[in-house]
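Common to both upcoming complexes is chain A, partnered first by chain B, then by chain C.
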Partner chain A sequence: MADRKSGVKRSSVDGDDAQDSKRMRMGNGDANVKMNPYLAHHYENGQSDSKSPLDVLERHNTTALQAVKVEDEDVNPWTGRPHTQQYFKILQTRRDLPVQKQRQEFLDMYHSSQILVFVGETGSGKTTQIPQYVLFDERPDLNGKLIACTQPRRVAAMSVAQRVANELDVELGEEVGYSIRFENRTGPKTMLKYMTDGQLLRESMHDNDMSRYSCIILDEAHERTLATDILMALLKQIAARRKDLKIIVMSATLDAQKFQSYFYDAPLLAVPGRTHPVEIFYTPEPERDYVEASVRTVLQIHATEPEGDILLFLTGEEEIEDACRRISLEVDDMIRESDAGPMKVYPLYGTLPPAQQQRIFDKAPEPLRKGGRPGRKCIVATNIAETSLTIDGIVYVVDPGFSKQKIYNPRTRVESLLVSPISKASAQQRAGRAGRTRPGKCFRLYTEAAFKKELIEQTYPEILRSNLANTVLELKKLGVQDLVHFDLMDPPAPETMMRALEELNYLACLDDDGELTRLGGLASEFPLDPALAVMLISSPEFYCSNEMLSITALLSVPQIWVRPNNARKRADEMKQQFAHPDGDHLTLLNAYHAYKGAEQQGEDMKQWCHEHFLSLRHLASADNVRAQLKRIMETHGIELVSTPFQDKNYYTNIRRALLAGFFMQVAMRESSNSKVYKTVKDDQLVMIHPSTVLTTPYDWVVYNEFVLTTKQYVRTVTNIRPEWLLEIAPVYYDLDTFEKGEIKSALTRIVDKVRRRQAMKGGSS
Partner chain B sequence: MKPYSEAIARLNSSDAKTPGGTSLDNGDSDSEDDYMKMSFTDTPTTAPELSYKQSLRKRREAEARGRVKSKAELAAEERERREAALSKPFYSTDTADKTKSGSKGFAMLAKMGFKGGALGPSSHNDKADVGGSGSGTTQPQRLVEPIRLEIKDGREGIGLESERKRKLREASEASAHAVKKAKVGENEYRDRIRQEREDARLERQVIAAQKVAEGLYEDHTKQAAHAAHAARSSAPTRTEQTAGPPMPSTTPLLSSIPVVFRGLVRTREMEERDRRMRLSLAEGLGAEEEDEDDKMALGKGSQLQQYIDDDLDLDKDDQELDDFNVLPPGERLNKLLIYMRTTFNYCFWCKSKFDDDKMGDCPGISEEDHD
Partner chain C sequence: MGLAGAKNKRKLGTDPNNTKWSRNTDSFGQRMLRSQGWEPGQYLGAKDAPHAEWHTEASSTHIRVVLKDDQLGLGAKRNNGDECTGLDAFQTLLGRLNGKSETTLEAEQKAREDVKLSLYVERKLGTIRFVKGGWLVGDQMKEEDVVKGEEPQKEAEEESSTSSAVEEVKEKRSEKKSKKRKADQDADESSAKESKKDKKSKKRKTSGDTETDDDLAKAKRKEKKRKQRKGSDEQDSETHSTSEEPAPAKETTKDVETSDLEPKKSKKEKKDKKDKKDKKDKEKRRKEKRAADSESSKAGDDISKEKKRRKDGGESTSLAEEALDTSVPSTGSTPAGSGYSTPVPGSTKYLSRRRFIAQKAMAFADPVALNQIFMIKS
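Moving on to the complex of A and B:
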């Protein structure tokens, strides 16, 4: 109740009826009046307020017609600068978007309801247009509150922000900006902010009411990412105490009813996408090899179907590259033998460099000769192409029915990406991709019976498939006390929650009552997994916080090692140059130090990285992450120290420091001549991933991740001494908590040894 | 005080909570015990182990431990352990049970009000006051258990696995069915053999009965002829052949012979004809030399030939006989028995002819009655 009152009070101060006082207030607050983002245009124009085209727009009472008129003006209302030619060109295409026809309807609903569910299929223009409609209605220039639009993916947040900046004829990072983890491109003038859902969640930890925002748009809510689900639950609570906050939940699929009922039967507005009918074909028999069947189907389409591009869905990089190679080879044969048209094959997956990702938008190749058979392009993609990316010209979709999905099981504590059958909803979404330009065809590489019987209705939301340690920490920081009755759209399994609480308790982030400790509070400041955060926070104790900072950054980016298929041996040799006999963590650090050294010596880094089979992109990104984390450490007074490199304990300290966060990720060798390890407490058999630099089979190792494919591996592994475990994590390694077995016996022997040694020391002194 | 050192302090303090030395001692002896027991639970502990036996055992044990497992063994063990871990909840609701790693997590969640079941707002309370129909009621299922982990290896398409399983199931069902059938067949075979034997026996009895019936019939015909001759009275012609005594005729047309033993006559006649035909064929080689007198002398009357060929008309379809012949032998025998009893007051089993239709001391119609 107290919260609510203060919220009301704040909004009355910021209310639009007090414009003048507010302007004064802001003016006083800012050292430089000219820097005030929402008044800047007044000064630039050197004119009085009344001349602004925006004046016709009365906050929360605008019409589509008024807004359109303002958009048609010669002068940009937000910057005061004249509109460019490009602006009007884009404006034309914007006016053709399906969503434009319902602008008035949208505004009416927006005015009459606090929460609104908006359904627009891909291509309706919702992601770019709706935030702009809101912008013209919210008038952030009046109250200084921002409009946020969340995206599940970093790339989407960046690219959409760029697009909308173009549409509004403003600089990216000024009026329109984006904020993603480790990268913030917003400024004091920013009114409309695209951001990842995770980023908004992080922000809200310091602003539990999200008071910076007047409207929050959750885009692509149908994807049900972990952060979107948490945000929905939070916004549901915030909406009750902040009546001035508007919420729009946008979904691309028609199962919006679930969103409606979740948000107290919020009104729904649906905008049809520009879709054409898609004919669906099933195979008469199940396929023996879906990759092979995919290749065959693509070639068949190329041979027999009329002009139109092909989109093939596969699960991962390796599979996609393999399929691309096979298709290209076969097409060459077809051209030689049967005068087929040319076909360009492009891969598309998350870890592909952006420049190569862009190639999917290239035009299909021209016929080989005049009057020859038309060329086409074939895109072989992961499920990135399912919802988030719109590629025009796709007429044929080949869907083998699989995707790689993250899955977490608290019973073995393993989070893995596993190839799994997609859901019916996903299959429909994929088929829909064929009908963007004209009527299309979708070839499903499974039988109709299998579609009906084997596919689940909806993909499980991420919250049911994730380790929630980080989420629980965030929720605790957000002040959510009762995790049992927290109103999530799909609450996770109790065991998942228990595991998260337990892990956080062992990490000393939560006490036995589930209350946030100071360490926990501090850990939540870092945009990292709790184990990494705790490791970083504890690192000064081990005199190596600089090094741990580097290692943390390196573990937060994709693999820096490049190992091209045609140069594996050479790549491995180069990696050996950085190898540290004690483990992969230390090897990472060596590579980073070499990289920084080369940079300082003014080497051509692109060349250097190429020669050393390292990814410049990921190293640069690690460098950036490191800088961000360093700032957070400095803010919170965490010392940055190093052991002198000459000291014999330089690497030992680092290995010990790793355990401060990762003591729950330790494995012991099964027996003296075995390559098999057993994970501590979970009792799972694992092997060390072949990518390791370790050559000595050490008895005890700490690992960064447990990889489950068809085999169980631990990856990024470093040798440790079991005595350290008892010393650094005595609670977790309390022998009373161990079940009988080899690990308990081994640890018991260690305890004995340590005690004997201490006794001898005590005796001699 | 710096937060991180606080963290370490926390760790240390929580360590202090557990009694240090004593607990370690306990753990110590426990696990030594455990270490010994581990692979020896089935070794008899009554007699003290001899030292050489112990060393032998230890060596075997070390060998077993030291043996490098094959990839397949490893994979199987890996999978087994994973399945074992995945198949049961990791936590223990007994918060005092420290060895169960999950009891801590359970205790923490229980402190927040967890009482088993799924998480999420209870559908009744706390929703009504916030506004309208809450989400609680609209969620069809909430997870009580984590989502299962399915590991797919290989590139089989969707549906192949279940198709294979379906086929396997069908095949196993079919084979199960076949086994069942075979078992049934065993009994059936016995029954069938028994039936076949019985039928053969009955068939023989049918033929025997037919011969008796024919004999009776012929006797009766002769008597009737005598009687007719004597009485010179014409008895009314009976057309019913099976029921009543047939009209004695000097020219016994095959169709006039009662159907019950007509087959016997017919078979005999056919054999006779075949024999004669063979004979005539053989004779035909020198047929030209034979004249009417020879034929007469040899007893090969053309008249007889004619009679057999024309009147018996062995090749003509005899629907009545066919109908009779398809009956099971038991029934045919029964019909014969009835025929003989009713027509001639003769019992096949007593092998005696009675004077009137009361059949004297004959116990009954069937064979069993005469046992």
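Moving on to the complex of A and C:
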């Protein structure tokens, strides 16, 4: 286990090795210069090299005044270099942040309590400032312990780290760094580390006491991601063991009390945000068509309300694109017919390429002519604009009251992605988006009664909505034995826990006593779902670990197929070029191979991907994921093998290897000439998702995911042979555990057939 | 659901909830949980946790989902037309049976009547918008913000937006008129508006324009037509203004009553209607233009034109009526008691249809296009 640990750490740093060494050299150089007595005169003004301005700051006994004084110095106390002009400019704006006024109050509380709940509305500056306040109080330069600040999103971790590095006038990756799933930008000098919550969780698997850190700040805790929830429960335990560890939980106002009572009535510090009042409007009666109503509302705002940008919340990509089109058309009409101001409409959803996402920050268009009506922009977004992104200039919010939510059902093991009503908290959050720059208005397309009666209080935290197989594996690895009484803020449904345990048991990650097996330990090293990890680990047995590695990487990034609305047919034709008659997994692999081939031939990849309707971004990130996974495999001694491409079993091996992880995700066709399949053991009726390349209706398929969108679909399917099931997963396909039915009889026939064939073979030899 | 409802067949498996699995007490997962002291029916999580009061239903069993395959707004019911009617008369009785107090019953009754009345007025005459005029405090007019209190402020807020719309419309109108007048004055030069129109027609033409030698003749014809069109436009704008002008004056007088009658009517509804009305207005203007266009066009197929005019006339008279008492045009299409705040279509669907019809009419009105259609070489 020990060597594994070190291996992973090494692997996470490896990526930046080159940069790190450079940085180190620079750092050393600096230190040397400072130590050099002959150059002491360079550092004369005010403080000598031996006396750092930080000396006034006594660890855990500082005051805001002292810290402010140090910040005002000409020399950067952390690097010893003089401050740049830029620094003082930023410092000025920092001093205006609402949180600055309560710095002393914060420090007093911080000194007096181990756990602190901090509530700051958006715009209070908490994400950037609080970690710095802690930095000046913790003095990491003295004991070498880090300060960690977690973020639910990778982008946030990266951008905030950059911002704080600028504010402290240091290089990103030196004193201030970040660490996200497949990227680590920290160095030996790093004192303040922004990271995703999942990353901290992964780290803690190897450092159960989180001994590297002196203070851990959980930011955006109100978003209640799976990782944050687990971290909170863990930190609660660790805090009891490690009295020197400080914990700050930062949240929006909404459920601060819940956090407080969860953390043994921790003291609460609230900082007002810089928000303006928002006027709420409801409709007097329910709407018949919320999309239509929202389009109209936007147009009406454009026609009648004064200047200010509009934010409209809808549920999905298709709906958003449709609404954008309709709004633009109508606005064009409005301009032509009645001299309305110009309006730019931008869509915003997760799968949009970053360049297009960036466009939402463009300025609103100028009036069509001088003195004409002001232009405005309208952003039509999913709920990522609810919390993740802050767009300034929004004055009007249109809220139909729906969003798409992922919800896992442990009984049928289906993950549904359905349009459902939002929560009250979410509705308030949406409305709040209108008051960032000046007093705004929020138009809710439902009645006040509906708001009160039909909406739940809080959005369900992720832990209640997800498959917990991965989480349980992580918890086992973290040494949590008692899963029943693990102190989560919102404990998941018992059935969800049971299903997770059961899946892990079938995957042989847990033995029959619930102990982590060797395979389980190995699987937890991979930042993947257990099924994928097990598939990867057992792939050398099928002589195709290289291929499985690629497939795993491709399955853990978003869809690589691009299918734009205006070129669906051509996109499908292009996809057919890569199609393998046996299934989607193999098609993915073909596309990846083609991509690598084109890359090697030095083609313009952007052009190539565009022509082939593939997403360069996702392919590139799959490539990156693949490299990371490969490193993990190498450190754990998992062989990377392949058969030659010409081998007649090349694809068969891959199909068999898929089953090693996904034998629980198999469906059988209900009857010949039917399109309906039935999942094994759970007996759910499913259809194959229309995006498949399969044209032959095979009797047995393995699928990557089972989703409920408009129907129950299985997505990314590949044809398999039932004999393999009995051979590869004999425990799961023990016929005694099956209920009477078509599947059992089909499997029984297969068993007989295999037996007969073996008997014949035995007889002939 | 009635017979007319959309068919929505869905095949269900024998055990769509997989109760087979959940009832199985022998599964590995259940054995594990039991061995750690869990009993069926219990929550997971720490014992006697202080935060347990915040636990939701979702901690005991998985979250139930509903497949939403329509675009029904939040709180809207699918079968709105199917509701029992005529129960109004019994509401008091039913309420009494349900043990409601007399005063609440009375209040409910009154509310229902209010709604009915306002609906009646709305359907019959339409709603009217108001212009914000400040507050009368003592005997002096004050700006709205002098008066404190939530309600009036909100109202004022709403009024301001509506008023701005009214002003907008007016502004537009006057602008247009002045433009036309100017255009008349210098008849030879084309005004901005005209040129715009010209562009449009040119676009239409260039699409099918073959490079024939009679370009010049065409241009001449165009010019002629343009003049004609302009003339009719002028007329049209005049009729327009006469029909519209008295409206605002009337508004104020009528307003007071309706607003009193409709205390519940919220800004949203009003705005919606106004929005709609604006649209209609626009459309009306557009249509009239088109009608004029068709009039000015050559005297071919009289019958069809006659038909069309009759149609247009029918519509425009109704529109004129509407304009006269500034009624809200949603009446016709809103089914009684549909209970939706957005007026029923007439919008995009019909808009595009209307646009299509107009395009066709325009093509007919355009001799060059017609010639091309019938492949007549002139």
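As a working rule, the second predicted complex is superposed on the first by the 714 of 765 C-alpha atoms of A that agree within 3 Å, B and C clash if a C-alpha of one lies under 4 Å from a C-alpha of the other, contacts with A are read in each partner's own complex, and residues count from 1 in each chain.
Keep this in mind: contacts are C-beta pairs under 8 Å (C-beta built on N, C-alpha and C of every residue); 3 or more make two chains touch, one makes a residue touch a chain.
Remember, predicted model here, so these are calculated numbers, not experimental data.
Label the relationship between chain B and chain C on chain A in the superposed model as either fit or clash.
In the superposition, chain B runs into chain C.
Once the shared chain is lined up, is A:Asp339 touching chain B (first), chain C (second), both, or neither of them?
After superposition on chain A, A:Asp339 lies in contact with chain C alone.
Quick check on the superposed pair: does A:Glu723 touch chain B, chain C, both, or neither? Answer first, second, both or neither.
So A:Glu723 meets neither chain B nor chain C here.
In the superposed arrangement, which partner chain does A:Glu203 touch: chain B (first), chain C (second), both, or neither?
A:Glu203: touches no partner chain.
Could you figure out whether chain B or chain C reaches more residues of chain A?
It is B that touches the greater number of chain A residues.
So, does A:Arg465 touch the first partner chain B, the second partner chain C, both, or neither?
Both partners, chain B and chain C.
Given the touch rule stated above, what does A:Glu171 touch, chain B (first), chain C (second), both, or neither?
In the superposed model, A:Glu171 contacts neither chain B nor chain C.
Thinking of the overlay built on chain A, is A:Ala240 touched by chain B (first), by chain C (second), by both, or by neither?
first
Would you check which partner chain A:Asp752 touches, where first means chain B only, second means chain C only, and both and neither mean what they say?
Only chain B is touched by A:Asp752; chain C is not.
Considering only touches as defined above, state whether A:Asp108 meets chain B (first), chain C (second), both or neither.
In the superposition, A:Asp108 contacts neither chain B nor chain C.
Please work out whether A:Val676 is in contact with chain B alone, chain C alone, both, or neither, and reply first, second, both or neither.
A:Val676: touches chain B and chain C.
Let me check the overlay on chain A: which residues of chain A are in contact with chain B and also with chain C?
258, 261-262, 265, 283, 285-293, 400-402, 407-412, 416, 418-421, 445-447, 449-450, 453-455, 460, 464-465, 482-502, 505, 512, 514, 676, 681-685, 708, 710, 739
Residue numbers of chain A touching chain C in their complex, please.
Listed in rising order, the residues are 255, 258, 261-262, 265, 279, 281-293, 296, 299-300, 303-306, 326, 337-339, 400-402, 407-412, 416, 418-421, 443, 445-447, 449-450, 453-456, 458, 460, 464-465, 482-502, 505, 512, 514, 676, 678, 681-685, 708, 710, 739.
Any idea which chain C residues touch chain A in the complex?
Result: residues 11-22, 27-30, 32-33, 35-38, 40, 42-47, 49-51, 54-56, 58-63, 65-69, 71-77, 80, 154, 157, 161-162, 164-165, 168, 172, 175, 264-269, 271-272, 274-275, 278, 282, 285-286, 338-342, 344, 347-348 of chain C touch chain A.
What part of chain B is in contact with chain A in the complex they form?
Residues 2-8, 10-12, 14-15, 18, 23-24, 26-28, 30-32, 34-35, 38, 65-66, 68-69, 74-75, 77-78, 81-82, 85-86, 88-91, 98-102, 104-109, 111-114, 116-122, 126, 130-136, 138-139, 142-153, 155-160, 162-163 of chain B touch chain A in their complex.
Can you list the chain A residues touching chain B in their complex?
Within the complex, chain A touches chain B at residues 240, 258, 261-262, 264-265, 283, 285-293, 400-402, 407-412, 414, 416, 418-421, 445-447, 449-451, 453-455, 460, 464-465, 481-502, 505, 508, 510, 512-514, 517-519, 522, 534, 537-541, 636-639, 671-674, 676, 681-686, 708-712, 728-731, 734-742, 744-745, 748, 751-752, 755.
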